[in-house]
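Several structures are given next for inspection.
Both complexes below contain chain A, partnered by chain B and then by chain C.
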Partner chain A sequence: MLDERKLAIDPVVPENVAHNTRIVTDIRSLTSSVCGIAAGILGLESYAGFVFYLVGSVFVSMLMLFLVADGKPGKYFQSGIDLWTTEVFGTSSVASFVLMWTLVYNLVRA
Partner chain B sequence: MGLLSNTLLLLSTLLLTHSCYSAHEHTTTTSRLTPTSLPLDILLETIIGASLLCATIVLSNNQLRPIAHRVWAGKLEREVGAGPWGQLDERVGFLNIRTKRADFAEFVKAEGRS
Partner chain C sequence: MTEEASQMILRDPQLFYWILFPITIVMIVTGVLRHYATVLMQSDPQRQDLKAIREQRNLLRGVNVRSNHDQIPYQSFNARKTSLVAEFKRGAYLKDPDSVGKPAANPMTDPAGMDQMMNMMKGNMAMIIPQTLIMGWINAFFSGFVIMKLPFPLTIRFKSMLQSGVATRDLDVRWVSSLSWYFLNLFGLRSVFNFILGNDNSADQMAAQMQQMNPAGGAGMFGPGQDPNKMFLAEAENLEVVGGQHDWILHGVETRVLDLY
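Up next is the complex of A and B:
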């Protein structure tokens, strides 16, 4: 899809691509900490916690799709799947999820 | 947006804090030897609080910018007044200096009369 001909006809603004990616990264790292807090309160253990994280990421992606991207991800991202995958398995969001999960789990069940 | 997101933020933080405290109370009051699962109301409160907080975070973020160059340039020209092709609209070499002088003379005359 992203061949040279398409880019020549319909050029993209690299700064805006970087800006959008940064906003999605910010939202992901904040919401994954919130998911971690919820997982810790619910007392999830082992695989259930990671399944909870995946479900939470899909929920946040749907929120972003409808609240931020107006239901048209192609207008803001180079491919439509970017909104769903950016930073889901990135180190910062998974790390903050596990951090808050273990912290709250131990605080609640101390 | 400001009032709505602040209210949502306060409400969801209260819900999450309360559910956290309730879960802590539940674990301290029940026996450790026979652990029971979390009551349904704490579970629902946690899920609703976390979803609301996620929605608030998503809502209170900055707007995304369109990546297509033509869409972005049009938006800039409409909202800021100067797009990336602004220099094509203002070419000093094509300035009609006689019209400008006539306009200025009219302006001075009108100012002097009033």
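Up next is the complex of A and C:
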């Protein structure tokens, strides 16, 4: 009952939530392509490549926290963890990473 | 452990220019074409007559009053509630008062439902045909050789799928044929399409598949096969249930505003 009242006072507008998630997703897919190109140029193999992807997404999350969300994730997302975990393992960003990684890996290694 | 040493195959760099890039470019271009073809093929939404619109909008109004009942003072909410409940029970907004007892409209005969189904089918066709064509093209022209090395290892079971044309036993799973490049592109180009075509583009196969898995979301409340009178009566019951507790949101607002400062 108390939660419902709190929601009535500070409602969660679904359009805004969708907009925020879309921005995070867009940023992540673009940066994971760039991450894939970097991994390919460095010539990373299996585990090293995926670790590089995780490190890259953590770095991108920190950049998003300070540059886009102004250091206040609670204002834009429902839980504190959302900024760090949305779309990190979602299909579109991992797929772009793997695509670019494979492409550049093959181009560079010849 | 010497068999585990990585197998190197020297490849002509021209392989890349003639195979990798063309497949990617073809997939991007067909995706864009498919998106525009879908947009052009969809029929315009039909103009519905006044009574149909009135029926839909009033049902939505009942739902809105029920979900936002805290925002208005108790007397206004009560007044709205009693008038809406009386009207719903009376069937004042029904599009076709004679069809109260009849079964719901068959999607085959109802023109509005037919439209929705045709659109879905057109979308499906537009998705399936280019995929089949491109796969056939790749199998015809680019089969029988391995083209690249995956940076990460996979299990043996993938060998038959990814090395489709080459029938060797000892070749590492990491050497794959061009069909697997096609699959990689299929999944990886979604973000590229998001950038070129904006969101909700029709070249996105995954979103279309997920939509198919939620059939309830698409048809909505007014899809074919729903009986409007029953929905009105259900909404009237819901409104009566909700009217019991009312917690006006502006109670205690003075303390909240003072807390801010």
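FYI, the second predicted complex is superposed on the first by the 106 of 110 C-alpha atoms of A that agree within 3 Å, B and C clash if a C-alpha of one lies under 4 Å from a C-alpha of the other, contacts with A are read in each partner's own complex, and residues count from 1 in each chain.
Note that in this section a contact is a pair of C-beta atoms (placed from the backbone, for glycine too) under 8 Å apart; a residue touches a chain by one contact, two chains touch by 3 or more.
All figures in this text were calculated on a predicted structure; none of them were measured in a lab.
Participant: Assess the superposed three-chain arrangement around chain A: do chain B and chain C clash, or do they fit?
Facilitator: fit
Participant: Using the superposition on chain A described above, determine whether A:A69 touches chain B (first), chain C (second), both, or neither.
Facilitator: Only chain B; A:A69 stays clear of chain C.
Participant: Per the contact definition in the header, classify A:T86: touching chain B only (first), chain C only (second), both, or neither.
Facilitator: neither
Participant: Looking at A:D26 after the superposition, I want to know if it touches chain B, chain C, both of them or none. Which is it: first, second, both, neither?
Facilitator: The answer is both, since A:D26 touches chain B and chain C.
Participant: For A:S57, select first, second, both or neither according to whether it touches chain B, chain C, the two together, or no partner.
Facilitator: Touch partners of A:S57: none, neither chain B nor chain C.
Participant: Given the overlay on chain A, how many degrees, to the nearest 10, lie between chain B and chain C at the CA centre of chain A?
Facilitator: 90
Participant: Report for A:S96: first if it touches chain B alone, second if chain C alone, otherwise both or neither.
Facilitator: second
Participant: Mind working out whether A:L107 is in touch with chain B, chain C, both or neither, as first, second, both or neither?
Facilitator: The answer is both, since A:L107 touches chain B and chain C.
Participant: Looking at A:N16 after the superposition, I want to know if it touches chain B, chain C, both of them or none. Which is it: first, second, both, neither?
Facilitator: first
Participant: Give me, in Å and rounded to a whole number, the least C-alpha distance separating chain B from chain C in the superposition.
Facilitator: Minimum C-alpha separation, chain B to chain C: 9 Å.
Participant: Which residues form the common part of the chain A surface touched by chain B and by chain C?
Facilitator: In chain A, residues 26, 30, 107, 109-110 are touched by chain B and also by chain C.
Participant: Using the touch rule from the top, collect the residues of chain B that touch chain A in their complex.
Facilitator: Answer in residue numbers: 16, 19-20, 23-24, 27, 38, 42-43, 46-47, 49-51, 53-55, 57-59, 61-72.
Participant: What does chain A use to touch chain B in their complex?
Facilitator: 10-13, 16-17, 19-20, 23, 26-27, 30-31, 34-35, 37-38, 41-43, 56, 59-60, 63-64, 67-69, 75-78, 104, 107-110
Participant: Using the touch definition up top, name the residues of chain A that touch chain C in the complex.
Facilitator: Going through chain A, the ones touching chain C are 5, 8-9, 22, 26, 29-30, 32-33, 39-40, 44-46, 49-50, 91-93, 95-96, 98-103, 105-107, 109-110.
Participant: Using the touch rule from the top, collect the residues of chain C that touch chain A in their complex.
Facilitator: Its residues touching chain A are 11, 13, 16, 20, 70-71, 148-153, 181, 184-185, 187-192, 194-195, 199, 206, 247, 249, 256.
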